[in-house]
Structure formats: structure tokens, C-alpha cells
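My structure is below; once you've seen it, I'll send some questions.
Chain IDs A, B, C and D follow the sequence of writing; residue 1 opens each chain.
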Amino acid sequence: MIGIAVVGYGYWGPNLVRNFWETPGAQLVSVCDLRTERLSGVQSRYPAVEITANFDEILRDPRIDAVAIATPVSSHFELAMRALQSGKHVFVEKPIAATAEQAQRLVDEAERRRLVLAVDHTFVHTGAVRKMRQLVDDGLGQVYYYDSVRVNLGLFQHDVSVIWDLAVHDLSIMDYVLPAKPVAVSATGMSHVAGEPENIAYLNLFFENNLIAHIHVNWLAPVKIRRTLVGGSSKMIVYDDLEPSEKIKVYDKGITVNGNGNGHGNGNGDKKYQMMVGYRTGDMWAPQLDMKEALGIELREFISCIENRKTPTADGHAGLRVVRILESATRSLAQRGQVIELDYAGCTA
Amino acid sequence: MIGIAVVGYGYWGPNLVRNFWETPGAQLVSVCDLRTERLSGVQSRYPAVEITANFDEILRDPRIDAVAIATPVSSHFELAMRALQSGKHVFVEKPIAATAEQAQRLVDEAERRRLVLAVDHTFVHTGAVRKMRQLVDDGLGQVYYYDSVRVNLGLFQHDVSVIWDLAVHDLSIMDYVLPAKPVAVSATGMSHVAGEPENIAYLNLFFENNLIAHIHVNWLAPVKIRRTLVGGSSKMIVYDDLEPSEKIKVYDKGITVNGNGNGHGNGNGDKKYQMMVGYRTGDMWAPQLDMKEALGIELREFISCIENRKTPTADGHAGLRVVRILESATRSLAQRGQVIELDYAGCTA
Amino acid sequence: MIGIAVVGYGYWGPNLVRNFWETPGAQLVSVCDLRTERLSGVQSRYPAVEITANFDEILRDPRIDAVAIATPVSSHFELAMRALQSGKHVFVEKPIAATAEQAQRLVDEAERRRLVLAVDHTFVHTGAVRKMRQLVDDGLGQVYYYDSVRVNLGLFQHDVSVIWDLAVHDLSIMDYVLPAKPVAVSATGMSHVAGEPENIAYLNLFFENNLIAHIHVNWLAPVKIRRTLVGGSSKMIVYDDLEPSEKIKVYDKGITVNGNGNGHGNGNGDKKYQMMVGYRTGDMWAPQLDMKEALGIELREFISCIENRKTPTADGHAGLRVVRILESATRSLAQRGQVIELDYAGCTA
Amino acid sequence: MIGIAVVGYGYWGPNLVRNFWETPGAQLVSVCDLRTERLSGVQSRYPAVEITANFDEILRDPRIDAVAIATPVSSHFELAMRALQSGKHVFVEKPIAATAEQAQRLVDEAERRRLVLAVDHTFVHTGAVRKMRQLVDDGLGQVYYYDSVRVNLGLFQHDVSVIWDLAVHDLSIMDYVLPAKPVAVSATGMSHVAGEPENIAYLNLFFENNLIAHIHVNWLAPVKIRRTLVGGSSKMIVYDDLEPSEKIKVYDKGITVNGNGNGHGNGNGDKKYQMMVGYRTGDMWAPQLDMKEALGIELREFISCIENRKTPTADGHAGLRVVRILESATRSLAQRGQVIELDYAGCTA
């Protein structure tokens, strides 16, 4: 049995508690939050679980093998680092830390101590995203573009921009789905409330080959949209997370490029290229998806990684890659879309 | 009666011919195309209309007061300029010319000669776009953003990028709907067929106030999307051109900003701003729209402008503003999204 | 404080327990179920609430003023009758009883004892259905038709047909929304599993005036549809319960009838009526709806009715009217759609 | 070459003329209409085609092998019968005649004279309906139900009810798609304009096995719906004719029936059947459809049937079967849904 402590019992913590409670191989030992009034809910529902407002107790407790951190982003680094330094495996909410430098230090610390460091990129454990990865690996052909829209009338965050709140989902999904990693990023956006961070933003991700990615996030949209288009040379995907069951649709559509069109000398300028690019349309197919709760799958994987010293799907490196983009995008945002190279030097994955 | 000649009988020309034929006050005199085999269709359907492959005949014909040009973009400038120089009013397909410099010269020539110069920004004559303009003028409050997506599996153009083919629609609509004009543009995009122009692109438009605009165009999408979101401080619009009748939806939604949230002294940093921004949700309303054919409305306006020496809704200046953005966006595209200032010096409107 | 016992802790009982727990003025005293293993969940979540497998304890308990019954339909009558005979107010799951005769006896008993008898027609407490009622009362004009489709791949019930499982919702909504009550019913349907009740059915409801109603229910549909059309002489409603927020759309559409079209003597038979019926199309409007949980509203109303001796929105008479239709529809189903008159003789409302 | 005359140049006639003009093997000789003013349109567009207001000329003309009739229903029988008696092959608009008796006489006359008699059930030549037929033949398993909705704010007909105007489409599609033929019909409906035929109607079709069909048609709906559900034991289809390209969706969904569930003696009444019927959900698939114009395909088939003395897909028998149902449904409508047996005695197919 892997002893678990959950730190932070605000918005997401209760989901961690409920799921760890039901995860085979996990023993939920303790829940920690500074706001002790929140912890009464834990006591009434899980009388066997201990509660505390003292993080040091968690660190000292030999029954606790792993710590799950669901506190505000600004505290991720300190709490995760102290947990690692106390020999605990760590599971952190996304984004893994507030800066790439912090994320890098967590990655290094976990590797030095051979501890499991996982980041809660929940979406990569959904049936829809796993199916999308499988299609990209086998069937889509060369990936041409990745385009995602995540907008709605959303709760304004006051400490972070909409990029850290919404685009983090798209970046973590994209990091998992695409084999290639972006080499540069640019972002534009706007704040419409004086003194608040940007509530609308557009991100461009540049890659080494002719792949392009783009993410649109907006807290101030009249309608909710959660749609990703992935275009490949053989097939194309529409991933609509608001569809109740047919979240992934695969289109056997695209273009065919015919090199013979390059005729010359016939003097018919209009026609000479018109044979070069042709449409191709075919069936559409919506695969049956695994609808199990992603968080449950994710926590079982975390426990299994601890037991077998394996690397989780969303490890510290994945967390670092996402934070590196968020950080660079934030810099670009302040410079009207200046392209920022993503420095992978020293990046161990 | 205003005598009309239509020049170019390819994709769009037949629509001009059919609509001019039915426009009160217009007398369709002649149709001109170099490809004489195309003109047989004119003869069989409109026996009273003359046909010619010789543009000079059009220019010399005193019965012809106005020339409508529906040829490839590269020839717009020369044909329009010669028509103006022959004293003819001119109606040109969009984009008005291949460069801003050409467009400026057309504008200048038309003004010098007090001739009507109209550009065929057809969409601005639809019931949907006119309603959107009316809502922006009265009801939306301060406009926060303009976001448009125009994607589908579309015909690849070989001489111009997807920006000139698709974004030109969005730019002409935006030019009409928004009172403010952009001061800078950036664009990113990609070609996925070697030797061809970009088939996917993202445009950012920057304004002097805190308005932001963004346009996504793509010839290689598995599904067709034609959707514009316009967010304002009082209301928000969704314009979906694929809806058969409810193309415009107005949402009484948004945020309310409460300055009193700036509480101090309670030491509760998390909470102090949380009262500042609140949701506001209300009714949605889809106004009944005028469904008359936009081109018919547009041509009647063109005739009326000639008769009454008035300025058309989409005049040469509008055509110039759109081409200026297209041209700058194309430059930005080649520089990975470099921001290009839109120089309005010398721009007479 | 009104003391409450919930009887039956299967599918719906936990929702009653949770909502009564939070209803001001209600004191949840006890939960009763024969399956004692289910009751452990009550104890751990609501330690202050007593549990029992003995219904007689409930009846004898002077702290209990009202009993909420969420057991299988076949037991509704006996449990509700015994509760009424013990002087308890009663809240029963829909349908109120297994036969109209049972329902009538419950109504009579409650009236004789001046006890509140409510049936859990939950939908009539949703914002969408209340808005629909309001529109029918004021704005729709004369109601022409009520058409409802409620289909999906649903759990097969083994003791009752799809009518008792799904159409009961539509009948309870229709009973609330329409001022007129049907005078006859017919139903067709089919079972596709030998030995099981009908899994697809179509109901016709006949009224005294020129109103018609129709309900389609199906447990074996590939897609989920929850849509009701209500046509009136002035406006028409589409109620789509699967829409996340715009569940009610009001269309200012219809026909105009022009009596002058009745010309004669012109010998033009084709034309003479063609002026009589014209289209009328106008705006569409989706009113903002109260999204509060219907069950909470309903239980507060139940408590308030007990406190003030008022009649609930869905009282025993409403429950009886719905069961009368279900019962007659079931008879019609066995006779290939034979029309069954709905006998309201002796019906006290 | 098969010489063709088109009789009736109103709403549908121009489509026949345009398509026959382009049909290989067909020679459009003449167009006939009593309203000579309409025929001027034929002359200007098809100068080589003769026009006449005299049907007898058509009958006498030896160049004319076949007559296509697109006049009001009430004249179908007389015109078609006279054409057959003159030795012409006949193509008639749907419904083939105003009564089953008339339809039967046309069928008999055509068979006696070995002439091709085709009815214009256009939909059965669309890619969507042909795909649906193919799926029913191979893949759907046993067909359980056929459910169709065809509603919108439609033009009121003054001589026929909505059944003859809209349900005729569904009946002709169903006749083609389902191998089994209905043995009885019932219909309910209502007129909401005094003196006019029914504008809303519901049809039940009964079959010999446990298949059920239902059609809902309505001229007075606020929204347009064109959707057919076909449920089978192995797969289910949704056919939505308003979808621009994915009109047919095939769901690998249904139920599995487990005979072992019939356990007894365990005293657990609730559970004993619960294993009997289980859900089965799988992929959804939207096959690529042939999008060619159905009328063109249909007319080529008509010409080919004349040339090769073959039977068209929608022959006189199909026309008769549909009219028989329309006629019986109309009788049922007047009797509040009385079931009418469909007499196939003497029916030759």
C-alpha cells in the first residue's frame, strides 16, 4: 500500500481525495489545508482519514509515501520541493510550477532522488485524448496543423492570465499528442478589465518542420467552445469535448498533390497548376471511447509508477515543457507577439 | 438608364450579369471576356446583350456608363484604371487591386474624375452583416474583440495565399462593422504543399484602444466553419453564416466590474479582488434578418450612387484599407508574425 | 420544523435525502429501506439521521410529519395510503400509483384528512418548463399542437413499458403547461425483446378543441433526443432539454389567415385560395432561465404547502390525471391504437 | 435516342426539362403547358425544343417515345392513361395518381402494353437513401423500427393534406428501403385553418412481424427537421437530410439479450431480469455518399429502362403502394386514427 497525503482542499482537492480513496493500492492517510474549516468536510465523509493544517507533519509522517499537491500555483514549487527533499513521491496540479526554472529544479531533484514526479495533466488520461494520440501515431499521416479553441464566459482569475488558466490544458494535450515539440512561441492578447491579466489570448507555436499550432483562449465569450482540429496528410480529426459521446471524429479527407501538374509551354497559365492539388473526401468515423473518469486512471498510474519505479505519462519533463511555453508566451504577450525561442538547452528530455 | 458592361465571365461574372439584368435603372449593354467560348452562354440567355472579346470596344462605347470588372485580381488595376480614364464608373471584384499602391491610384483617379468607384464587398450587403453593424453602433457597448474563423476543405489557389482568398471576406466585413480601424497587423501561417502559397493562416489586428481582432483561415480543414464572435461590454454577438436563418445571435451576457472589490486591511489576498469581476447572463435573441440576395442590393446601390453622385458603402477607400491589410499581412507571414504598422499617411479616408 | 422520513434509498432516494437535508424548514429524521446494506451510506454521510428497515416505525414516529416515498411504483399505493392513514403528509415519486383507481383513492384519503399529497413531477419545477407555462399563458396565442420526443438508448425496465418510464415525464409536463386536458388517448408501440414490455411507443392525445398532442418515446434509439415543439397561433416554442442553457427558444413565426381569399367566379381554381394562408417569420428569442435545481425548489414548496395548508403545483389530482392517461394508453397499446376516452367522471379536479 | 415530351412547366417541370436536356440517350422534343406564358422561358433557354399547349399533339407525335408528367395530381391519371394508350412510356410526378384505383389501372395498362411506367420518387435515387437501403440489406440485422420526422413552416396546400405533400416522401423512401411492406395504417392529424386540409399528421404503419413505422409531418413547425431513425438488431441509422454531407450516420449500438437471465428461485425479484437486456455501444460511422443530383440519375435510369425494357426502381407498383397508403391514411385521419387494413388483393407486385 502506498500511503498518500493530499495537500490543499479547495476546488480540486476533494476530487483527489475521492479518487485516491477509491484507488487500489493507495492508502489515503491525511489531508492538509491551512483553512481548517474546509477540513471538517473530510472528517464527516472519510472518518478514517486524518486532517492537519501543518505541512511539516505530512513530511515527517513515515506512513506517507507520496504527496499530492492541489494548492495555488504560486506554492507548488516550495511544497513539491520540500516533499521531494523529504523523500516523498509527488503528484502536482498543473501547471507544475510558476516558472520553468522552478520546474527544472523539481525535475532535477526528483531524478536525483529517484522519486516519481507526476503532473496532473488530467486530459491526457481521457479516452478522447488517448484516442487522438493513437490516431496521430498511426493513421493521420504527417501532421500539418493543430488548432484549438477553448472559450466561454469563464471565471476571471486575478493572479494569472487566461493562458495559465485555459491554454495550459491545450498545451498539455498537445504535448502528449504530437511527437514533435515546439521550438518557438508567440502570443497576442488583451485585458479588458483595468489592472487584470489578459482575458483573451492567441498563441502560435512554431515547430522545426512544416507543422503549425495555434491556441485561442477566451474568458469573455458568449458561447462555450472546446474544439481542436488536427490536420494530417492522410486524415483529419475534430475533437469536440462538448459532445457527450462522439468527442472524436476522424475524417478521411484531405488533398492529393499531383506533381504532374507542372506542365509548361502550353501557354494556358490558368490551367497549368489546376491539376496539382485535388480534394479527397471519404467516410467520417467516430470511434467508441473509453469514458472512465480520467482522474481515476491517472491516480492508478501514479500508484503503479511508484510501485514499479516507472515514469508516468505526464512526468516532470512534460510539466516543465508546458510551463516553459506558458512562461515564454507570457513574455511574448507583453511584446505584441514577439516570437520567443523555446530554449531546450539543459532540458533533460 | 445607366449603361453597364460586365468584363470577365468566369466564376462570378454570370452572377453580375444576372443581377444587373434585373436591376432597375441599369441597362446591361455588353459582356466582355477574352475566352469567347464562354460568351455563347450569354448570347443564348440574354440575346439582347452584346458580347465582345475586345475591352477597347467597351471603353469607346458611349452607351456604357459603368464597367463591372470580374477578372483575376492581377488585372483589376489595369482594367479599372483604363475604365476610369475613359470616364466610366467602376465596380471591381474584391480585392480591389493586387497592391495598396494600385488601390490608392484607383481611388485618386476616381476622385479626380468624380466617378463612382465601388468594390464588391458582397457580404456587407447581407442582412446578417448589416444587422451586426447596427448592433455594434447601438447596443453592444464598447467593442472588446472581433474573432473570426473561416475554414473548410477549400479549393487551393495557386497564385494567392488563403489570406487573399478567404480573409479578404473577414477583413471587408470587419472594416464595415467596426468603427475603429486597425493600426498594425501580424500574421502566421504555413504552406503544406511545396511551392504553393500558405493554405492556413492566423491574422492579428491591433487597434489604438483595447480592441483586438483575430482571423483564422484554412483551406485544409475537415469541417466547414464560418463563425465570428464579437464581444462588447454590454452584449456579445455570434454570427454563424452556416445557420440557414438564425445567422446572428445576440447574447445579453458579459461581466460586471465592481470597483469596490478593492478591499484592504483584511489580509485575505485571495479574496480581495474576487468581488471585482462578476458574470452577467441574460436572454439570447436572434433577430429576423433581411434575406434578400446581397448582390442585388449592392448593384442597386451602385446604380443609385451613379445617378445621385453618392459614395457607395464599399467604396475605393474601403477596398484600399482591405488591400493594405492583406499586403501587410502577407509581409508579416514571411517573417513569422512580425508586426507591421499600417501606414495611413496619404490615405484620404 | 417539518419532520421528514424518506422511504426507499435506491436510485432517486439519495437525491431526496440530499435535498431535504438542505431544505429550510425541513428536519430529515429518518431514512427507511428494506435493503439495510444501502442505509450504511446514509449513516456515514448524515450521522444525525436515523435509519430503519421498518416502515411501521416511521408511521408511529410522532417527530415525522411527512413521508417521501421513492420505492418501486407497485408499492406506492400501499405505502402512501398507510402514511396518509397515519396522518402523515405524503410526497410520492411519479407515477403516483400503478392505477388510476389507486391514485383516486389516495386523492380522496388526503382530502378527507386535509393532508398534503404531492407527486414528484420534478420537471414542472425546472426553469424551462415554468417558462413554457408562462409563455402558453401569455404570448403563444391559441395552442395548436404539443409534440414531444424523448428517445435514447435507455435502460430497459422489465415491469413497465417505456410509456410508464419516459412518457410519464412528458405527460406531467404537458399537464402543467397546457390549460386544456385531453379527453381521449391512443397509443401504438412494440416490444422488440420477447417477453418484455413495449420499448417504443407513440401516444396521441385528443382534446375538445382543435389542439392535438403527440408523444414519442423509445428506449432503443441511437441518439438522445429530448425535444418538445409547442405551436400556437401567435408564437411557437422549441424546448430542447439537452441544450446546456438555451433550453427554450421562442419563435415569432406562424401563419396568417386572410379570409378575403375566398374569391369566386374567376374560374381560377388554383389561385383562389392562395392568398388565404401566408407565412409570418420574425425574431427568435431564448429567455434566460432559472437554473436552480428543480428538486430543491419542489421540496421547499412541499414544506411550504404543509406549513400553510396550500396545494402543491403537482398535487394528487395532477398525479391522478397522468396515471389515468398512462393506464388508458397501455390499454390502447394492446389494441393497436384503439382510442380510449378518458373518463373524468368523479374526477374531483 | 428516346424522344421525350415534358407536360407541365410549373414548379418541377423546369427541373425535368433541364435534366432531360442533359441526359445521354434522351432527345427532348417538346414541352407542353396550358399556360402558354410559361413556355416562353423554354423557348429562350432551349430554342431547339418545341412548345405546345395541346397535349394531343404530344400524343400524335411519332418522334416522342415517352412523356414526363409534372402537372397537379388530379390530372396525373388522365394524362398518363392517355399517354400509355397512345403507346408512350410514362414518367409521372409523385404521387402517381389521386387514388389507388387509378394507380392500379395505370399499372395494368402499362403492363398490358409492355410500356415503362415510372414514378418520380426522387429521394430513392439520392446517395443517402441508396446507402440506407444497402445498410438495411446488409448490416442492420433485423429491422425493429422506422421513424421519420419531416416538419417545417411550409407552404399550405389547399387541395391536399400535409400527408399527400410531405409524407409521400417518407412513404416512397420507406417503400424502397424496407423489404417488408405494411399491412395496415392509421393516422391522426388536425387542421388549424378552418376549411383547409390537415396541416399536421402522424402516421402509424403496421407490419406482419415486429417492425413498426411512424411518420410525423407538419407544415406549421418553427424549425425545419428532416430526420429518420432506423433501428435494427445489429446497428442503427440516423438519416438527417439537412446535414450538408454527413447525412447518414450508422451507430454500432443496440441491446444484447441474454436468455440466461431468466433465473428463478433466488428470491431476488429485482435482479432476476436485470441481466437479460444489456447495452451495446460502439463506433459511429458516416459513410461517404454519392452527391450527384438524384433527378439526373433517375432520368438516366428511365431512358435505360426504355432502351432495355427493364423495370425502373420506382415503378408503377411502387407508386401504387404509396398511393394506397396515402388513401388509407386519409380515411383513417377522418376517423381519429381508425386502423385501415391495406388490401393487397389484386396487387400484382
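In the analysis below, contacts are C-beta pairs under 8 Å (C-beta built on N, C-alpha and C of every residue); 3 or more make two chains touch, one makes a residue touch a chain.
Remember, predicted model here, so these are calculated numbers, not experimental data.
Across the two interfaces under comparison, A-D and A-C, the one joined by more C-beta contacts turns out to be A-D. Chain centre most remote from that of subunit A: D (centre = mean of CA atoms).
We define each chain's centre as the mean of its Cα atoms; on that basis subunit A and subunit D are separated by 52 Å. A separation of 38 Å divides the Cα centre of subunit A from that of subunit B.
If each chain is reduced to the centroid of its CA atoms, subunit A and subunit C end up 44 Å from each other. For subunit B, residues that reach two or more other chains under the stated contact definition are 281. By the touch criterion given at the top, residues 245-246, 252, 281-288 of subunit B touch subunit C in their complex. Of all residues in subunit D, only 44-45, 47, 224, 244 touch subunit B in the complex they form.
Across the interface of their complex, subunit D is touched by residues 72, 144-145, 147, 149, 151, 153, 155-156, 158, 184, 186, 188-193, 196, 200, 202, 204, 206, 210-212, 214, 216, 218, 220-223, 229, 231, 233, 236-238, 249, 251, 253-255, 257, 270, 273-274, 276-277, 279, 281, 336-337, 339 of subunit C.
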